[in-house]
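Two complexes, one shared chain (subunit A), two partners (subunit B, subunit C).
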Partner chain A sequence: MPSKLSLHAALISILIFAIFLGAWQLATQPKESSALAGADAEYAALMGKGAEKTDGFPPPVKVARAFVEYLSDPFYDKGPNDKGIGIQLAHSLGRVGLGFLLAVVVALPLGFAIGMSPLLFRAFNPFIQVLKPISPLAWMPLALYSLKDSSISGIFVIFICSIWPMLINTAFGVASVRRDWINVARTLEVNPLRKAFLVILPAAAPTILTGMRISMGIAWLVIVAAEMLVGGTGIGYFVWNEWNNLALPNVIFAVVMIGLVGMVLDMFFGWLQKLVTYRE
Partner chain B sequence: MSAHFLSIEALKKVYPSDSGEPNPPVFEDIHFHIDKGEFVCIIGHSGCGKTTILNVLAGLEAATAGDAIMDGREVSGPSLDRGVVFQSHALMPWMSVLGNVAFAVKSKWPEWSKDKITAHCTGYLEMVGLGQAIHRKPAELSGGMKQRVGIARAFAIQPKMLLLDEPFGALDALTRGTIQDELLKIVQATHQTVFMITHDVDEAILLADKILLMSNGPHAKIAEIVEVTMPRDRTRAGIHHDPQYYRIRNHLVDFLVNRSKTYAGAEAETFHDAKNPPVVRPGLEGERAPVVLLPTEKPAPQLKQVINH
Partner chain C sequence: MSLNNPFDPNVILHSGCSCGQHGSQAEHELEETEALNRRVIETTVMRALFPQDAERRRFLSTVGASTAWAAISSLIPFGALEAMAQEKGSLEKKDLKIGFIPITCASPLIMAEPLGFYKKEGLNVSMMKTAGWALIRDKVLNKEYDASHMLAPMPLAISMGVGSNASPTSVMTIQNINGQAIVLAPKHKNNRDPKNWKGFKFAIPFEFSIHNMLLRYYLAEHGINPDTDVQLRVVPPPEMVANLRAGNIDGFLGPDPVNQRAVYDEVGFIHILSREIWDGHPCCSFAIPAEFIKQNPNTFAALYRSILKAAAMARDPKNRSIMAEVLAPANYLNQPKAVLEQVLTGKFADGLGNVKNVPERVDYDPFPWYSMAYWILSQMKRWGYIKGEVKYKDIAEKVYLLTDARKYMTEVGMTPPKESMKKFKVMGKEFDPLKADAYVDSFAIKKV
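Moving on, here comes the complex of A and B:
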């Protein structure tokens, strides 16, 4: 039965996509017999390939061509402004991965400490509450000034935006480990390290992983904007660069890629979450 | 006094209140003792602090005043000398059944090899009838099986004393019966010293050598110590054929229903010495013989009136 359900769902998905493509095609039909076409054909030819002129929103076919073109050779590198989509994505993922990893290294131990100690929780809470709502991009000028490197600044911005959900969820998960399990560990005189790794960590793992999943989602949102700002490499820079070239098909292609990579990242963390979730 | 395996002296617990005024103590002047190999049950209404007493014995909670001395040493924190079976089984759901017991065993004997630990744990799990389920996760077990794992875990560390906090409270009557039988068998075989909280009068009579009756809180005290004088080789099936059974049962129920609330307040002290709570043997006494050192029918109503004022 569920397979039948998912088959039906897939069929409807395909239908929705087809309707969307059709509407898109209709909306972007090239207008015939515009005033330019006859009189200025010669002028247009002088200016370049008149027929290829980018007027208006690109139709699906053009975008599809961009897909084929970029995906057929994702890893070419022809100088700073012309790199394959694979390379751009790799740069973005590298920054996100590094910033995220740094955030994990800081947030997990700190969250553990805050979760275990009501005193630390109260001491840290005002800072967390103030720092949490700050848009990560607002840190960018300070990061650029003090770190003096656009790429490292990007990593810092990812770090600062990933840390809060992880920190808060870790602290919450650790603080709300069932009293009974702690008591079992106490009556067994389990040493603190063993207790942390064998009782508290597995007990809090689902909550911690939820925090990580949220963090990763935010990090992937932020990296695009950050790279638009600092430029150089990355998928965000690619979008901005193609916008400056007025190459809308490429922009659309990049937007879709951002969505797909984001989905894969989220699925990965969803899978990790499932791995550590326990049934009671 | 020090000859006893476990002595509780003048134990008192006051919980801090939110407002400035001090709360009345949940219990005070708790004196009792347990000898090696004894099975002691404690019965009382909710709120009299039974679980707090057990937690103090386990070292999980500190008493406001008084001492708990086990085997010549003050109980000052949790210890592997005392195994605890929690009411909610408290198994770690991310570990297998074997993993849960092995976690405890490895805590007690860190130097043991993996094989030795597994063999040791399997032995105890077989003892509670779970030899087939050792690789399952707790979520795949029924409530009764989970509690069996909890019991196996507590026995596996071979504690000097076992503390059971209403271990069968959450189980259905049939399951409870079978596990009671198993516990009875294990305890009879191992001569384990046990302190157990229960709400179930029949359970207490079946399992215990001594039943501590607690009066209602606040200011709860040990009102009486009932000795279960029936022979130790009891079975759940045969116990109610013993003429002592109903006398003890009636005594306990009568206490819980009628007398447990009459021990609070200063008036109670005139007839009750908390330091030496009366030891009674209702099983051996004829139907007519009144229990000594107890409030008789006459002063009780008077006392109630005084308290109600």
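Moving on, here comes the complex of A and C:
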């Protein structure tokens, strides 16, 4: 009974969340600070005693207040350094989208070529193996110096990090199309272009999309770090700006938003993957 | 310009102007207009002062035209009148991007925006908050920013090509003097003697920062070699408190409001204010690439006037509370107002249970003394950032725009100092800018 199963799963999920919130609340119970009780009133006032302050880890209520505050007005624009969460997310998504598209444009044809030709595969392999494990952020200083533009550098970093999984998966998917199908195509004297689009592409599509899904996941991980470095706009900048102010409720809010958007992106690619999957 | 006569054998064929001294006719006309403007103003003033022609002539012929000019211009700000008479349309570039780091040193250049000082000069300025000094340097070198908040030693380093490609960059004004502090973690409460600080980890905002120079100086005076006995780490100012809380560092010499924020969050205490090392030291500056000045002289002048006005405003103790309020929101410094107020008014909690009152904790004296540049260069030489002979005079006079500062300060009604250099004391030891090399040699701890 799948519906009963999912109902149970949902119940357990809610239970886990409730336990988590409860533990959080208990762990962040406001403590009575007695250290400064004897000190004079003026000093206490200067230290912000009595006023609401950001010390310690925030309790869930404070974080919830941050959620309400930011989500109730997601598109405000109070100057170049203070924009609503919706605008920040749009900036980040725009950068990721552009970098990712560029990577698709390069990785798919190249992966196809590498996958079809064992010679090219061997020739390219050493480069891919060396470049793949480089942390995308390590490219940042080089990109900033040579591209001379911080937002293009951000896009470049997304490009360079999302290209490898796509390239490798495309090559692998293309290379491992069943020989029978290729042979049938050959028997029927299908021309190479038709063979590529009608036989190999559909056969390799699930693997290619797995590569894209991994790439998108990595790109979304990297954009936050990249924006914390370069600043200006985006969800990463938002985290950095709130970190400056040690405003942890806002940072937690941003972290949850990053998670949610990442999940939606992943679900989208999961859905695409299902579309192209075939049953044998 | 009328159509040229096609049958004229002597027609001017090159694309320059009619007098031949300018690149184009437009430039020629611009200069003529400016000269005309000046003439009109001067004539008006002279006629107002000496309504009778005969009297004016007598005056001019007795004292001589240049003396008369000097005497009158000392009374009447011709420059300011001229600037007022000039149209806003002569600005070469109106939309400017100016970078800043969210610290109180940047107060004047930030305040100029909400106060409308940029607008009044016809400039449309976007203030861009930036994550660190290295990024500020790169964005200025990449021309993403037209001008920027920089640490006072940075333009010297960039102009010399130390730590980056050489790219002439000028200091228009000093942003602030004093306003920094050494902050230590509370666990060092009973360890206030720097002699026992071997093995400490300190954060500084940037290699080419006055913070680095002052901390090194302070440690060395107490017998600690900053290169071998302690670790100095570059940490962007906003991240210093988080690092101190996490225990990654024992302390830092940082800018405000970071120092006060550490106290406010009970993760540190103020050991000393930087004015106890050198009272009146420069900290940050307002820097602009030399190329920008050349290409946009009028915009440069407008920018100069707006930041000088802002500096004059920021100097006034009466304005400090309001400044704290304006600077607090997320678009600018993103700090609690209570913290900023303590920094700006100088009445603060030191983190050890005392309330201190130091109104001169931070000040905003914009005048870029050459002697400041000399001292910074002497320390850069002392710690091995620059090798070989240092041409103090050449570099200081090229980078620190003291003459321009004096001119525009007069224009906006401030009174700039007459001299360009002064002697001062750093921790009781006198620095004579004319004997900078001997000064470097006199230190026991150095890395030359």
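Criterion: the second predicted complex is superposed on the first by the 263 of 280 C-alpha atoms of A that agree within 3 Å, B and C clash if a C-alpha of one lies under 4 Å from a C-alpha of the other, contacts with A are read in each partner's own complex, and residues count from 1 in each chain.
We adopt the following convention: contacts are C-beta pairs under 8 Å (C-beta built on N, C-alpha and C of every residue); 3 or more make two chains touch, one makes a residue touch a chain.
Nothing here was measured: the structure is a model prediction, and the numbers come from that model.
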| item | value |
| --- | --- |
| Greater subunit A contact set [subunit C / subunit B] | C |
| Touching partner for A:175 - first (subunit B), second (subunit C), both, neither | neither |
| Touched partner set for A:243, first subunit B, second subunit C, both or neither | second |
| First, second, both or neither for A:80, with subunit B first and subunit C second | second |
| Partner chain in contact with A:186 - subunit B first, subunit C second, else both or neither | first |
| Touched partner set for A:145, first subunit B, second subunit C, both or neither | second |
| Contacts of A:230 with subunit B and subunit C, given as first, second, both or neither | second |
| Residue ranges of subunit C in contact with subunit A within the complex | 102, 126-131, 135, 138-139, 141-144, 238-239, 241-242, 261, 263-266, 329-332, 334-336, 338, 342, 347-349, 353-355 |
| Contact footprint of subunit B on subunit A as seen in their complex | 178, 180-181, 183-184, 186-190, 194, 198-199, 202-203, 205, 276, 278-280 |
| Residues of subunit A touching subunit C in the complex | 36, 39-40, 42-43, 46-48, 51, 53-55, 78-82, 144-145, 148-150, 228-232, 240-246 |
| Residues of subunit B touching subunit A in the complex | 58-60, 78-80, 82-84, 86, 88, 90, 92-94, 103-104, 107-108, 137-139, 157 |
